[in-house]
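Please see the structure below; I have some questions.
Chains here go by letter, A, B, C, D, E, F, G, H, I and J, matching the order in which they are written, and residues are numbered from 1 within each.
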Amino acid sequence: MLSKEDMTQAIVAAKTEQNVSWQAMGDHLGHSEVWVASACLGQNTMSKQEAELTAGLLGLGPDVVAALQVFPTKGAGQHYVPTDPLLYRFFEICYVYGPTIKAIINEKLCDGIMSAIDFSMDIEKVEDPKGDRVKITMNGKFLPYKKW
Amino acid sequence: MLSKEDMTQAIVAAKTEQNVSWQAMGDHLGHSEVWVASACLGQNTMSKQEAELTAGLLGLGPDVVAALQVFPTKGAGQHYVPTDPLLYRFFEICYVYGPTIKAIINEKLCDGIMSAIDFSMDIEKVEDPKGDRVKITMNGKFLPYKKW
Amino acid sequence: MLSKEDMTQAIVAAKTEQNVSWQAMGDHLGHSEVWVASACLGQNTMSKQEAELTAGLLGLGPDVVAALQVFPTKGAGQHYVPTDPLLYRFFEICYVYGPTIKAIINEKLCDGIMSAIDFSMDIEKVEDPKGDRVKITMNGKFLPYKKW
Amino acid sequence: MLSKEDMTQAIVAAKTEQNVSWQAMGDHLGHSEVWVASACLGQNTMSKQEAELTAGLLGLGPDVVAALQVFPTKGAGQHYVPTDPLLYRFFEICYVYGPTIKAIINEKLCDGIMSAIDFSMDIEKVEDPKGDRVKITMNGKFLPYKKW
Amino acid sequence: MLSKEDMTQAIVAAKTEQNVSWQAMGDHLGHSEVWVASACLGQNTMSKQEAELTAGLLGLGPDVVAALQVFPTKGAGQHYVPTDPLLYRFFEICYVYGPTIKAIINEKLCDGIMSAIDFSMDIEKVEDPKGDRVKITMNGKFLPYKKW
Amino acid sequence: MLSKEDMTQAIVAAKTEQNVSWQAMGDHLGHSEVWVASACLGQNTMSKQEAELTAGLLGLGPDVVAALQVFPTKGAGQHYVPTDPLLYRFFEICYVYGPTIKAIINEKLCDGIMSAIDFSMDIEKVEDPKGDRVKITMNGKFLPYKKW
Amino acid sequence: MLSKEDMTQAIVAAKTEQNVSWQAMGDHLGHSEVWVASACLGQNTMSKQEAELTAGLLGLGPDVVAALQVFPTKGAGQHYVPTDPLLYRFFEICYVYGPTIKAIINEKLCDGIMSAIDFSMDIEKVEDPKGDRVKITMNGKFLPYKKW
Amino acid sequence: MLSKEDMTQAIVAAKTEQNVSWQAMGDHLGHSEVWVASACLGQNTMSKQEAELTAGLLGLGPDVVAALQVFPTKGAGQHYVPTDPLLYRFFEICYVYGPTIKAIINEKLCDGIMSAIDFSMDIEKVEDPKGDRVKITMNGKFLPYKKW
Amino acid sequence: MLSKEDMTQAIVAAKTEQNVSWQAMGDHLGHSEVWVASACLGQNTMSKQEAELTAGLLGLGPDVVAALQVFPTKGAGQHYVPTDPLLYRFFEICYVYGPTIKAIINEKLCDGIMSAIDFSMDIEKVEDPKGDRVKITMNGKFLPYKKW
Amino acid sequence: MLSKEDMTQAIVAAKTEQNVSWQAMGDHLGHSEVWVASACLGQNTMSKQEAELTAGLLGLGPDVVAALQVFPTKGAGQHYVPTDPLLYRFFEICYVYGPTIKAIINEKLCDGIMSAIDFSMDIEKVEDPKGDRVKITMNGKFLPYKKW
């Protein structure tokens, strides 16, 4: 059985060689590029049909189709706090703005969380003459704490 | 000199007693509610004028005005990984979607980061009959790695 | 403003002195003893009415009523892994049975999680001639990973 | 000698190929699906007869039969706090509800623990029109602290 | 309410002043000196009668009697690995002899643990002309892993 | 040169296949089963003669004889706090009873430690109609802190 | 696809064999030796032309050219705090002079950071009769905290 | 005796009230502003004369003079990895450029370190129309590894 | 009862005020300055007579005499790895020379340790025209691993 | 290129087979056995001539000669705190005697450190009828904190 790591390596190699963008892969499946990338990077799971479309686009075989459908153990093998600067900035945002996020969500909604499961994310490049910007939109269901 | 902790406690107590929302405080200063909250929670600094407007609105004294202008040591006294569920979800998003965020930003822009300093954030409640949602928009300058 | 720690101390002292059980407190509010205890121990929030009922039962004042309604930062001040043997056993269950829990939930439902927010728990004593047992029932909404 | 990791990989591959559920494996052995899964995932040990039944059902050889009888070092190779969201929720339950669990068990029984050894667990899918739920029942012997 | 820390301080101060040994305290209560010390150091709980005997012997008041009956959160405030040399040696024994202990217990009994709850311990000085020795005897119920 | 890990694997495989107990190996060498196991598990070193007796009993070759004489780096590759329940209990004993052990040893002898080097340990099964017990006896030289 | 680790190994081996200095490599590309070394050590990315120049100088093939253009995950596989003495000194400088650096930058500019992305560094040997010195110059864009 | 923390607080309060810059303090003592700040922030020690000049300039008393001469325990009370973004960037520089710094210093000098003790640092604001920059110059004695 | 921390503070304050060196204190007691300092800093214990001599020399009262005789919990409240540069160097020596120390001791004596209990240490200043040196001599009993 | 790990393994194997002591190797090179061992164990670097002498003595080839000249990353792959008892004792000495070492060095010299780079160490066996002892002498240049 192909491991998630080997599956990712095969997909990224084919994608690079054939110069296919995540956007193109997302359009081919009718999903967001972000979600498709997360599945190809081994953190989400595709249906059989989605896996076949992905493998078909990149000319990959049935072992990749099978591996894309496996339920992953997420975040495996990572440091608790990443050293990569791009990834670390999101931890820093939480260190600096964490209490603010909590205060605003608590005030606007109530005691609860923004779901990271019933959740979607978009990542856009915003062109700007003073220097391009990155715009990330997170959209998660609000889950209030249940009383029982 | 009033510490940032005591400053925050004084502001939150006055704000609660007088039932002033972060939105109202933001409008009063002409800034986003998120930024105003971050300054009141001791993670950003106000100008003299902004600090006076804030203290004036809440009926607080010159020690709060002074404390709001001090440059903070950010994120002090926190665990590396928070246990509060609302805050933890943002770390989880990074564990699950971190490689995806990196892959998409690298592909769309190049090797670099989204700044957490030249950065703004909005937090909105999105009403939805299937359950309200939280929408968080992060907007940071893209900083490409410099060659020299 | 009364801190959550002081609020808890006041409630536990009154409860001990007057010999009121968590069960009696739960019945008085029409909620589970588990939920009421979690709120009194500073990890959940009560409505104004629930807080007044709680304080009333124990003869406590308006500062406790106010503190019970504050949104808490949950899990603050804890070790990542507890040393108390009763608490540690739940971590051990996850070390030993974690992969099993994941395999069964993945197979019976699909890739997703059991919510810890839309969640309830019961804790019962089960009398047994060979030694009493503890029965803990956790009931959480299944949240499948969203595709977008 | 087949390692526990290789044993698990062989069992999961055969189980997937032949589409055998954990429930079916549990019924075949006369044990709970949860316990059978924990043994196949290398965290518990089977008797010779149970191991032969398991291997027979899946068409696996004597090396798997032998490996299923080895006493495992449990929880090896794990992070202290998991990053997988499904597994993390159980740690979060302990961060949020840990003091509550302790208070209720102490009050209902006395100073002691719920055993994680003389212990069983059931994991059920509860269908619900508002969204299916997961119900986990833990049943452990209460062990009071001994005086001597 | 007297905290466990203050209770311990009061007991140790009185014990030192009046020069009462742990042995004498154990004999007074009809328990092992080890168990009595563990309760006085805030890690186990006494019955009302035992607490009154202890306080009586040392001339301490009802607040100590009450505090001795409280269920403690055990091991609170400790490092995960102690730096005190006397305490560290027990961790070292586990680092050096841990696999041995596991192999011998597994072979002599089966897959299970020695309970640390249904457990007693004796600590003796063994006089020896080549240098006195410490003899520690641990006696815990064997708990085999349950199948279900 | 055979590594300690490979040496252990070879010994355990031969021992299992030939069904030789640690007790039998200890008797064959005239040492305690505990010490012999610790050497075979790579944490202590044998003399040439002891190594030859061990290898001879199990039908193993000169590479095992050589490896048994190498001085090991002890405790290598372990977590600071083990997740295996059998091993964790000894850490728990130290969290719960550590201050007690220190108080008793300090009072009975003086400021010093129980050596973990000039040290022996026995592990016995104690049959008991209410459930068998494990008895562990540690015997270490008392080393008082030197003044100079 | 050649991994960054294998790419680095190939470059360093060729560089050592042919006795090419980092300075010579930097001059060949028209970049600082520091930046060229960081790219060859797998922490920055080259353009196609720069990669071809590098490989050409050292007589390496197209797999190295390709690997030099890949966007790296930076700092992967490192300890949070390095044990190598040369590297540790920079952490020590931050422990000892960190508050000073913060105080001076805050006073001279305002609340913000020195960028580690729009950043360059020079490392020079300064000859000195009392012992040569190392001079490191860091030059980063000041990024003031944005208000919004 | 005034603690280093209280000394720092007194100096910073006086300095702020009288609007004295670190530069002015450095000029008054004939030392770099960086070194003077490090001593006032409790990480270096002044001679009696330097301490008197400092206290004299700010109108502080003999307790500050005494405290400035005490040898500090440096870096006390800090996290191993800081969360403040300004300070974190220096750790990030080491994660990203650490192997480069080591390679360049090893090649230009030999196996050894840049001293963090026989060390000086300057921090300058460099005005730039595209955005001001921070320039930090570290100058430390090279210490080659001694052979003996 | 005076805590060890308060005892240390009292001794250091008196010692500083009266300008008594550790050497003088050691000579007064007939012990090494190192051992006397370690006891005054709360890490070793004095006999009644030694404590009276110490307190007498510095003009301190019976509470200090009592506190000097208490058995300390050693190393309490420290980081696992110190940030103070003077202290860190000893950890660095172990990182760099640890395997060497082990190899030499194993070869010259056998498998065992240098005791840190039956242990003495001298710290000398060695004047040298090229820069003074520190000479530290550690002398500990060799403890060979016992066989049993 | 031979890695430092493989180099060490080759040297130790040859040294063991030919029964050459570290002392003999040190004499052959005209260096201390401690320094020679540290270089052979991959923590220090030899000159070409020293490397050739070492390889010549042991009958090893040019790959070992080359590897001995490479500048190592020191302390790589180690735990922050070692579990091996021989190595741990040096950390324990620092936990117990660290503040003492700092106090004595500060008093005898001034604020500064003992260098771990301009540093030598001797390890001797001291025969003693009451049990042999280990004597370790560390000799490092004192580096006073520079003012600038």
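Observations
Rule of thumb we're sticking to: a contact is a pair of C-beta atoms (placed from the backbone, for glycine too) under 8 Å apart; a residue touches a chain by one contact, two chains touch by 3 or more.
As the structure is a prediction and not an experimental result, all values here were calculated from the model.
Traced through touching neighbours, the fewest hops from chain D to chain I number 2. Counting every residue number used by either copy at the chain C-chain D contact, over half are found in both chains.
Chain D and chain E have centres, each the mean of its CA atoms, that are 32 Å apart.
Between the Cα centres of chain C and chain G there is a gap of 50 Å.
Mean C-alpha positions place chain G and chain J at a centre distance of 29 Å.
Counting only residues that touch two or more partner chains, chain E has 34, 73-75, 78, 80-85, 92, 95-96, 102, 106, 112-113, 115-117, 119, 143.
Every residue of chain F that touches chain J in the complex is listed here, in rising order: 1, 73-76, 78, 80, 116-117. Only residues 21-22, 33-34, 37-38, 41, 43, 74-75, 78, 80-82, 84-87, 89-109, 112-116, 119, 121, 123-126, 128, 131-143 of chain H touch chain G when the two sit together in their complex. Put simply, chain I touches chain F in their complex at residues 31-32, 34-35, 44-45, 71-73, 102, 106, 110-113, 115, 117-120, 143-148. Considering their complex, residues 81, 83, 85, 88, 92, 95-96 of chain J touch chain E.
Those residues of chain D lying in contact with chain A across their complex are 9, 12-13, 16, 79, 81-85.
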